[in-house]
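Per-chain residue numbering starts at 1, and chain names A, B, C, D and E are given in the order in which the chains are listed.
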Amino acid sequence: MDLFNLPRRDWITFGLFALVVVTMPIWLTPLGASYPGLLQKFAIFAIFAIGFNILFGLTGYLSFGHAAFLGVGSYTAVWSFKLLTMDALPAIMFAVIVSGLFALVIGYLSLRRTGIYFSILTLAFAQMCYNLAYSVLTPITNGETSLQLTLQDPRVIDSALAARPEGLPSASIFGHVFDGFEGFYFCAALLLIAFFIALKIFSSPFGMMLRAIKSNQTRMNYTGFDTKPYALTAFVISGMYAGLAGALLAVTDPLAGAERMQWTASGEVVLMTILGGVGTLIGPVIGAWLIKYFENIFSAFNEQVLTRFFSFLPPEITEPVVTISSKFVGEGWHLTLGLIFVLVVVFLPGGIMEGVRRIGALFRRTTPPSAPAARPAAPTIQPAE
Amino acid sequence: MSAVTMDAKSVSAPFSAAASIERTVPLEAPFFAVKDVHAYYGESYIVQGVSFDIRHGEILALLGRNGAGKTSTLRAIARLDNPSLHKGEIWLDGQPLHKMKSFEAARAGVQLVPEDRRIIQGLTVEENLTLAQVAPGRGWELDRIYAHFPRLAERRRQEGVTLSGGEQQMLSIARALARDLKLLLLDEPYEGLAPVIVQEIEKILTEIKTLGITTIIVEQNAVAALQLADRAVILDTGEVAFTGTAQDVLDNPDLRQEYLAI
Amino acid sequence: MLNVIIGRLAPSRGAVVFDGKVLTGKKPHQINQMGVVRVFQTPEIFPELSVLQNVMAPAFAKRDGAFRINIWRSLESERGIEEEANHILQDVGLYERRSHHAGALSRGDKRRMELAMCLIQHPRLLLLDEPTAGMSRHDTNTTIELLKKIKARGMTKVIIEHDMHVVFSLADKISVLAGGRIIAEGLPRRVRRSEKVQEAYLGGAHRLEEATH
Amino acid sequence: MDAILAQLLNGLDKGGAYALIALGLTLVFGTLGVVNFAHGALFMLGAFCAVTFRQLITLETVTVDPTQLSAWGAPLEIRTPLAQTWFGDFGAVLVEYSVPFSILFAIPVMLVIGIAMERGIIKHFYKRPHAEQILVTFGLAIVLQEIVKAVFGPNPISQPMPTALRGAADIGVWIGLAPGAVSYPLWRLVYFLFSAGIIAAVFAFLRFTTFGMVVRAGMADRETVGLLGINIGRRFTIMFGLAAVVAGLAGVMYTPLVPPNYHMGMDFLVLSFVVVVVGGMGSLPGAVAAGFLLGILQSFASMNEIKQLIPGIDQIIIYLTAVVILLVRPRGLLGRRGMMES
Amino acid sequence: MTLITKGLSRRSVIKTGLAGIIATGVAPTIFTRGAYAQEFCNAPTGDTVTIGFNMPLTGAYADEGADEDRAYQLAVEHLNGGGDGGMIPTFSSKTLKGNGILGKKVVGVTGDDQTKADAARDSARRMIERDGAVMITGGSSSSVAIAVQGLCQEKGIIFMAALTHSNDTTGKDKRRYGFRHFFNAYQSGIALGPVLGEAYGKDRVAYHLTADYTWGWTQEESIKNATEALGWKTLAPVRTPVGAGDFSQYLTPVLNSGADVLILNHYGFDMVNSLTQAVQFGMRDKQANGKNFEIVVPLVSDLMAKGAGSAMQGIYGTSNWDWQLTDEASKAFTKSFGAKFGQPPSQAAHTSYVQTLLYADACERAGTFYPPEVIKALEGYEFDGLGNGPTLYRAEDHQCFKDVLVVQGKEKPANPFDLLQTVATASRESVTYDPAIFGGELGPDTAVAC
């Protein structure tokens, strides 16, 4: 069957990735990140970054407005909750479709330009969405207050099927409400599906076309390809990934705020992708995890935590160490993030995945006989090395 | 490297260590030397171990088919960023060019007149010439240039890029003369010019020859180049295929047929 | 001239007609889909892809048309196209290097690969812009042999070439252009004799004679 | 009519700020080919030069008197200003005119910061892809603003303008309208004149000096300028420093209008990139024209009459203009072909 | 499809009329108090109890956030028996003994809400899910308060809102698990109206510049109603984006609009900027309609007044509390805060501190951390001695009712913190309104396991 037809190597990648994702609640415990809220974020932003990488990593088009699709997905999902049902599946479906349509329109217009002009066009569209969501579209978006569930929501399907429950309902799937870790596993399942589709795209002729567009778009035209629909398809697919991520944000926490669409949010996914490694399969996921980890864990450190952490030091050293390190955590976590970016970009232009590859190469050099030969057909496909 | 016929001088090492430090070199000794130069455009291996040398005041024609690496060799000598020099030495009058950046090479006396002339947009004819005299090492004064190139004098206030092709070529050569130069590199000086203009440029180049400026000329029109040149080097896919006098090439139909297709 | 045919430049007047259809005004990919394929003077390739992928891509254009979302089949299960590509790579002598990065090839190899990229499309009209520039003598001869072989398969070709040796060993009909005009046209031996051609194109052969005397 | 005139003034004022920042950004892009996401941070650093200068000249000796308690229960502090003690009346003038004086302080500081930034980090990124330039300068911007936050705290620090320049000027009277018809804050007029002056100075510098000629030549064809023996890299480094000074001065003069805080640069960054692209990447006149154009458009779009006609237009006008211009004119208003298109 | 609350579904006895609306579906099952000790989210098990402090450490309201942080440190210290006890001795309820809450030592965890609804919910979730916070408090923007309040309702965690002034927080978006001590825009309008009428007369034309979101709209509405009742006319309001920085393009049209009063419905740094810029436009020296042009800022805080500097002098507004109040409780709090941090507390610090104490007290009185019981203890609670005089936590909407201060920017400050003077006090009775006017439903108090 074509659908599950993947090279063995990609299956291994997928298997390992699935194992890592499924066991996240375990191996993240010592890192203090094993609680549902953050785990869900890990899964959701990994989807977002994987989708973004399909556009940026494969075609080379740098979109600076991808958060708009995330926001559209969230709003659509919350509206599905409010109007129809608390079931997550229709919400996700609608979100993916609507954000796909948005991506189609914005992509169609933006892809008329290339390079930084494309980036600025996407940025401008996203900023327009953001500003309108904040002001004029308040009836749809509830402005700065964010779109939330209310007790007065019609929820026509739910009301027709069962008596209205007291209080605010939670998102569910076939009547089953997630608690924290179930919510994570639901997101993780979707992450695996999303990852699988990305794997398929990366190893398909379609993926090769996208890479060829990145490599030499003019040549693609003279080779007989109409590159516009290819780029547009990639744009729409990645917009749908963003919509899925947005929907999942709403499923795990039924609220949609305009700031999800702000350019800083779009910038964040760019950073995630580049930090992890553009054009690699795993890189964006790692980038997403790293940034979300920093944002949630580092920002929560304060001087008490640091004092406890450095308590093994002699007291006269502890204080200066705590003072200095406190500049890098808590409120100062952005400083750490900025420094990491600068260091990664200066020393590891290919992102973290390049670092992994370099280490891998070192390791291989020490054990030459087992060095695996490069895959003959596709040296540029670098999944999960 | 099948058809390499090196002359005796170029085989022997052109510089001893002592000579390389010496600033003034006797006329007979090689004034300029390229030793085993390898250069890359990105990942493409373009110049694959080229060596030759020139005596002071000599004109060398660098010939070869399209894509043989002639322009790349000139650019490598002028120390431009592309192609990047991976190996080899370039010596001009005792100065190690291979250790320099392009602006340092230019100060050391190398002047490249590029294939596409590279008149700078937005600058007048006069500004294009003044630009050459900003860095230390002035050559001809503007008056002398204008005396030699009256057409440029007429158009000194005009924007350089609006000149005709031949005038641009003159400006490009004049710009090189405005610097204190020891080695002139001419890349396709006749390319794309009408025959009348070609004659005019030829006249200028002949004049330059009489001034005794050491020159390397790359030209598609091999015959024209060989008429001007004292000696010739033929490149084939980035390697030296022949070194000899210009007359050797003209007298050897097989050589011409094989490497120059004339 | 080739740029006009393949749609890179638009002619101010006149039209390009191929097989009864007007090419002018068509987009480059449409022209390619009609079977007009070009080898560029400076190699136009996909430097980030492997040699094999470079050659496979045009085969997809031939098979699937200008646009098709082909996600569900893996690249490695496209056996037919891979074999065809391998075959052509053997023809041009790049089979051993099929998994190399195309960007790392030498200029001559890039040109041969580009030739392979065009041949895999079985074009009805093949435009060659100095196909042997940058190749060594030996490679040039190999390429001529290859082109002769293709000629035997009955493919129309237009060659732009400075190297008259190549031209005369391949062409059935020659047009000589100078300054944007056709100055001579016809069978090779007649063109060879034309004085205008000698003057404008062959590097002033009469001057050569003067100089050698 | 009066309202339109007032709004036009406001647009010119805003446009001046946009143009000034976009000018510096274009200068860096045109010379070094670097997309500098840290340019907003330079603007912010300029503003904090003014803050630092004022804090230095308003330094006070603080002595704590533990015997007396303030109204909120802390020991009473006795403060003596240093500037007045040392310089007397001049100290008072210095404090009064701290913002204009800090220009003198900001020029060398920004020059050094700019040159250090270029030599330290940006020079390694000339040949790297634009995406990496964006990332490294973005990271740099974060680092710079976080350092400022660590030193000056997260809150805006208001900078008083000189008393003489407070309040509004009755412009209407100058052009023969009724008194009070069109009045505009004096400092905003000063800001507009200042930005126009700086823009003119930058253009004059590039037009009429040899250094400027070399830089223009380098922007057009860096390689050839190198072939003529000019160390263009060093001159571009100085240009980076100058761009930093231009951004910094824009920041200094902006402080009395909006109290500076550590993230003010980021707020301006996106806007200034839109301005640069609308003007055409690498085109200095384009950047200036686009700056004024967008400033005026934004100002007019904020008028009630227009907002009632098209709700929300004031929020999106800049981006809408950018989209329209880029779709109609692919390279912006005055952009060059092929610049940044891949 | 039915809602299944994991763990247990249990409601307390219905007390209020409003709650009747919700009484559908599940029948109440009543257990004895001791039985449900472990059956709600984050029930404290060891000898400590964790409280989540969620405030803006970065962003536009960082100033307020920093002061809230100080207040929380102080509250934790006092609850655990440290320091001078602050307002604990003056508090009318005497349950707090300085031994933590119910004998468990209080531990605080902090999070940065970035003044963004999304980030605030993230941060609150982290404190609930990872750190085991049994109560969340903080926030200094109404949108954040409403967002976090919604989350807390879902998670069954009590949310003691700090600085939030929108009518919606205890109006249409009110929640059973959310409580607000701070006053609201409606009360500001009632308190401010008479003072404005007296100072500026009955014949005025007002121009509103309004922050374009829930709080701005409710405040604009409230002030419009209050001033129009005086006889003032209102021009079409102008909405400005939050965090605009430069408001000049919105201020320019004011001058030629025919208005003679400018009402700034802005908060935080937006207010600081719009006010100083309005003054730069010469609005305070201007004459319009034969009267002096005036500016009103309905909600002011001492921190904003500090930011605006001299621009604030003489301008009217309302405040929840001021450190210069002379009652025993205010003096005790100011002294305690001033001694520890070297500066007087802001109203943000005050409300944060009070909310923490009120929660602790409610737990003590309920004898448990079980949220439905704590909610019951807070609903309809009447107390005094926390700085605002006698105060009621109204059961219907979880809004506190107390006197509202009308303040004016001081012309000649005696010290850097002497910025506002109280010019009038609106009595608790006068600012009490019918909870029905804002609608909304509190929802159930069902405990939720996590």
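Methods note: a contact is a pair of C-beta atoms (placed from the backbone, for glycine too) under 8 Å apart; a residue touches a chain by one contact, two chains touch by 3 or more.
This one's a predicted model, so the numbers in the text were calculated from it and none came from an experiment.
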Check your understanding: Listed by label, which chains are in contact with chain D and with chain E?
Key -> A
Check your understanding: If you tally the C-beta contacts for B-D and for A-E, which one comes out higher?
Key -> A-E
Check your understanding: How far is the middle of chain A from the middle of chain E, if each middle is the mean of its Cα atoms, in Å?
Key -> 35
Practice item. Round to the nearest whole Å and give the separation of the Cα centres of chain A and chain D. Key: 34
Exercise for review: With chain centres taken as the means of their Cα atoms, state the distance from chain C to chain D in Å.
Suggested key: 54
Point to revise | Residue numbers of chain E (touch at least two other chains) | key: 57-58, 241
Point to revise | Residues of chain D touching at least two other chains | key: 154, 315
Exercise for review: Chain pairs that touch, all of them, please.
Suggested key: A-C, A-D, A-E, B-C, B-D, D-E
Study note, to complete from the structure: Residue set of chain E touching chain D in the complex reads 57-59, 62-63, 66, 236, 238, 241, 243, 245-246, 248-250, 252-253, 255-256, 269, 272-273, 276-277, 280-282, 285-287, 307-309, 323-324, 334-339, 342-345, 415, 417-418
Point to revise | Complex contact set, residues of chain B against chain C | key: 42-46, 65-68, 220-224, 226-227, 236-237, 250-251, 253, 256-259, 261-262
**Study point:** Residue numbers on chain D that touch chain A, as the complex places them
**Key:** 35, 121, 124, 128, 130-132, 134-136, 138-143, 145-147, 149-150, 154, 266, 270, 273-274, 277, 281, 311-312, 315-316, 319-320, 322-323, 326-327, 330-332, 340-342
**Study point:** Touch list for chain D against partner chain E, complex
**Key:** 2-3, 6-7, 9-11, 13-14, 70-74, 154-156, 158, 160-161, 166-168, 180-181, 183-185, 187-188, 257-259, 261, 264, 267, 298-299, 302-304, 307-308, 314-315
Study note, to complete from the structure: Listed in rising order, the residues of chain E that touch chain A in the complex are 1-6, 11, 22-26, 57-58, 109-112, 116-119, 121-123, 125-126, 128-130, 142-143, 146-147, 150-151, 153-154, 168, 172-173, 176, 212-214, 239, 241-242, 441, 443-444, 446, 450
